[in-house]
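Listed next: structures, encoded as structure tokens.
Shared chain: subunit A. Partners: subunit B in the first complex, subunit C in the second.
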Partner chain A sequence: MAVIRDVMPAFELLQPNSITEAQKLLEHHGQEAWVLAGGLDSFDWLKDRIKKPQAVVDLSGIEELKGVRATGDGIEIGAMTTLTEVVNNPIIRQKYGLLAQAAELVASPQIRNQGTLGGNVSQDARCWYYRAGWPCYRAGGNICYADTPESRNREHAILHADRCVAVNQSDSAPALIALDAKFVMRTPKGERVVDAEDYFIGPNIDITRLHILRPGDLLTAIRLPSAWADAKFYFEKIRDRNSWDFPLLNVASAMMVSGNRIERIRVAVNAVAARPLRLKAVEDAVRGKSPSATTGEMAGALAVHGAVPLQFNAYKIPLMRNLVKRAIGGVEEARWAS
Partner chain B sequence: MDTARVAAEVLGMPWDKCEIVWGNTAHSMPWSSQQDGSQTTHAHTRANYAAGLDAKRKLQEIAARELGGAPEAYDVGNGRVYHRGNPAQGITFAKAAERAVALGGKYDGHEVSPQVNSMTKASSQALAGQGLMGVAKDELPYKGSTWSFAAAFAEVEVDLETGQYTILDYLPVADVGTVLHPRSLGAQLHGGGIQGFGHARTQNIVYDPHYGKLVSRRLYQNKPPTILDMPLEMQWDALNTPDPQNPVGSKGIGETAALVGSAAVLCAIENAIGNRCVVRTPVTPERILEALETEGKRPILLTTYA
Partner chain C sequence: MGILKPITEWATSPWGQSVPIHVAWFLIWVAAIAGLLFVIAHAIYVRYFAKPSRFGPDSAPVILAQIPEHVHRHSLTARIFHWIMAASMFTLLFTAFLPRVAVQFDWVTYHWIAGAVLTISIVFHMIHASFFLDFWSIWPDKIDLRDAWRRTQRFMGKPAPPPERFAKYPLENKLYHGIIIVAGLSAIVTGVFMMSRVRSTFFPRNPYLFSDMTWGMMYVLHGLAGVGLIGLITMHVYFGIRPEKRPITKSMIFGWMSRDHFLEEHDPSRWVIKTAASSQAPTEALPED
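Coming up: the complex of A and B.
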């Protein structure tokens, strides 16, 4: 039979309309199942004919996965809520503005209209070697094409690399970590809730996935506790162009300040490692200090401790240092030298 | 399309009464010259001028045959060919076309100058007999070569801690001879400039040198500029100095607009940070950051790729 190269590989399309049904289908098809949320990540893989799942479980018909609901302590955002809905939601804008800021910086308006919050946090690595279908570690092979003296790796990792040097480029992930979000999953064993930072894993845990979902698992919702509502927030994303771009680096912080002292703080960065990093050492070091440029500088230097650049991504070290500084001390206006 | 205005002007025909039929072999229309090398306006205005003059000459000859006198005594305007001394004495273009068909030969396209391109010849034969036809080879005088020039000014604001920069203002000024169509020229100057911004800032064709494979395969990897990367306002200007090599004094703009856009942004960055980070494009945030971090001492070419 002729090989057709310009269309997606054939798969069985499954369209459940409840979480229970979806989870059962995922469990039944196991390794052969593919979860389809907004499709922005999925269709790249499928149209390139690099990933060829037997069954695609389309979540778009499951109403209980959509929308923002109030809970006893904060809010719950369905995993299939679009990024545009997240950006426009009045409660998120008013109380959890950090997430609204982060979501609004994702890609382009068209992509935010279609892309979902669950998809954004669960997206796969964008390493251009891996994405082109090269048989690397992450793809099940035994080499990293992005980590050789000649590799083109400006977007790759400076921290916690382990054979694979790909990074997580989600914009919403660091904001959710800073907000101490809880990720709700439906697994074969029932509901499972984890802290945002524990949803993501590095290559030392599993080199083929960026998150903890295993075959049969489904991310259903993300909960934001009220503990960080109305905190002082900072989000910044550095990218080559101002629309339709992944981050070279991003930073998110949530701070509770009292009497010019940082009482509580959470800081996270992304696109420096295979998982978004919560900077606990920085949080511990700045707690009790004033949210000033001096504190920020100390925090920035501490944040990049242990960073190891590849051939073309050394800039990420000063960039991370400066972004962490800003996330704590704010942006200083430049002064004219003369 | 605006280059056809020249033929309309030669024939004194109001522009809103003109119908432009593009080169289309399905309608037996000939090819035009290629649109490249930023020479389109130069070449097409000359060709339209030559063909327009040929049509005018034929109209004058037909009027002289019909109404007497020398062809030179007649002029054209508003769809009529008329006597210069007595404008009431004349015939409509429609009537002249009818006479051209009756006369045949060169008047309705059955005979054309041996100088014209064989494609034009085939086309005129296919269309012959339908009306009066102007068809000619551009044999207008031409000395030297024709180049367009532009100078551009860009203002950028650079974030010294992240390497990101914003283009605040942009003003290209073109020397393209007589301005044929101001709005179209402005759009080309800005549109080309925006392309140039992309060359300067974000577009990059990246190969892995070991495997020889393209890795920036997609438009999210080799990044054209977006509307959010543009200055909020842009101006443009042109010298409007007629070029002696062209009957209407016009020259092309094309590539000049893109090149000057790229160069202006690079000069502005260099001026802003006083550094050599702009020796290769695109100048992405990391190049600026590395240049600032190392105060220009680090060999930039070894730490970035293009």
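Coming up: the complex of A and C.
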């Protein structure tokens, strides 16, 4: 299969100035439209000539989609706010440091300057069989090339695989779930707000998408409620190259501790399934307990319950167990005795 | 493959081979609309144009006198099979096609479980029908074909003797059963192989059981059978609720049909009722299917 990596297919470039205008354009062009945010995911697809949309709707000219605003109950981050702006925003750094940590670990500085928060949570799967344009389940075909005994599937799913074993590799997504963020969308039927964890879907629901956005829909903002501001946060990302890489696994937790007891907690992991997973069973199990190594160890064991490794990614099970353990008990507390 | 091109979707495999991947999804709407159009056309025809059915002479009075008030038609086993098959078939169609028309839910697990239930029930039915029921009663015989020709002639306004009353099943039922066998078995056989591509309790996953081309044809056949079943099931449900067919539907619930309906539509010499009269009990027919 010839892959051309320099000349994009021709498309109509549409550059709306408002959310309303953008949404109308997306609705008008339906499945033939492509939403362009920072372009870091889009240009891969376009330059590889695997996606050939008729119209590209460039959101970069819409000021409403940019910036961080205070709301009555927390803050609202425009979907086109760059990751660098998220990292450097003083309110986010002070009150929602978890998101700042996660965003700071995305790729490289250049990519963070260009990449947006909306794009980071809405990026497509990075499975290379899929990205190479092979006719796999996610591309509308009838096979998963990554789930065979010979496949290179070191980065793939250990949980909730359903025919497709690709994973979601967003770094900001688990942080937003841990912060109980709300995703604001503009759809043909009006504004729709969903919990962060409900924004993402697995292959059991729709094997061709990682999120609930349908043709004509637009993610406009992400709201962070004040309920988790100033919580005790933990974020850790494991990747092959620390300079610049997608996560092999990441974990985010937000914890409210009172009298050495976990009063409230939200924990999420990503890159283990096609959607970032909120670990509700872990949250229920550790609530009321002390944030110690013992509790973390129990939480880690619980987190990997039901995990099914592929040929080359069994390492993700102990990795996830340890990251969850550290997310509960902290790095020092969680140091193994052996 | 030219004939398949317009009704299938194709892709290029990693080895550069053009392979079919599945049926074209617009066929869902084609099948649904075709089924609906058939229903509308048939309802209009029956309401405004159809002539009353005319059959040949009645059987001898002595035979008719032996027909009980309740004519046994389906055993409890056969009825249970039918409704299990119906439930699994509806589950299969809804789980297969609702996600294609933007109703999102976790459909794969329900689909393969319903498929497994259908497969088991069909295997049971084949054994049950072959060894415990009147196997040939559902297959067209010479009289059916002769009467079909007569009915066609009369429909065209040409002179022909009236057809005889039906045996246990009218020819339309028999033909429908035949088409369902083809569509159902196509879906089941391909579906069983496709189970090796999902994680289930039945087989270890083996996506390389066949070549990409063979797999593609299997998916296409599965899809064609599936969309065909949309139209076939639509027609089946329609006939099941039509007023003149309700005695047959009721017999699939209660197991029997009334003597009046039996005498109106069926020929006791072609559908022999083992009446209690022959065993000295005059009011009930004995199970014979």
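One rule holds in what follows: the second predicted complex is superposed on the first by the 326 of 338 C-alpha atoms of A that agree within 3 Å, B and C clash if a C-alpha of one lies under 4 Å from a C-alpha of the other, contacts with A are read in each partner's own complex, and residues count from 1 in each chain.
Everything below uses one rule, namely that contacts are C-beta pairs under 8 Å (C-beta built on N, C-alpha and C of every residue); 3 or more make two chains touch, one makes a residue touch a chain.
Keep in mind it's a predicted model, so treat the numbers as computed, not measured.
Overlaying the two complexes via subunit A leaves subunit B and subunit C side by side, clear of any clash. Of the two partner chains, subunit B is the only one touched by A:I238; subunit C is not.
When the two complexes are overlaid on their common chain A, residue A:P318 makes contact with subunit B while staying clear of subunit C.
By the touch criterion stated above, A:T148 is placed in contact with subunit B and with subunit C alike. Residue contacts after overlaying the shared chain place A:W128 against subunit B, while subunit C stays out of touching range.
When the two complexes are laid over each other on chain A, the CA centres of subunit B and subunit C sit 120 degrees apart as seen from the CA centre of subunit A, to the nearest 10. By the touch criterion defined above, A:D206 lies against subunit C but remains apart from subunit B after alignment on the C-alpha atoms of chain A.
In the superposed pair of complexes, A:L248 makes contact with subunit B only, with no contact to subunit C. In the superposition on chain A, contact is made by A:A161 with subunit C only, not with subunit B.
In the superposed model, more residues of subunit A are touched by B than by the other of subunit B and subunit C.
Closest C-alpha contact of subunit B with subunit C, superposed model: 7 Å. The contact surfaces that subunit B and subunit C form on subunit A in the two complexes overlap at residues 132, 145, 148. Of all residues in subunit A, those touching subunit C in their complex are 1, 132, 134-135, 139-145, 147-148, 161-163, 201, 204-206, 214, 308. Within the complex, the subunit B residues that touch subunit A are 160-164, 201-202, 206-211, 213, 215-217, 220-221, 223, 225-229, 282, 284-287, 289-290, 293, 303-305. Listing the residues of subunit A that touch subunit B in their complex gives 108, 128-129, 132, 145, 148, 150-152, 154, 236, 238-246, 248, 312-316, 318-319, 322-323, 325-326, 331, 334. Across the complex, subunit C meets subunit A through its residues 9, 11-14, 16, 19, 21-22, 99, 102, 104-109, 197-199, 205, 207-208, 212, 215-216, 219.
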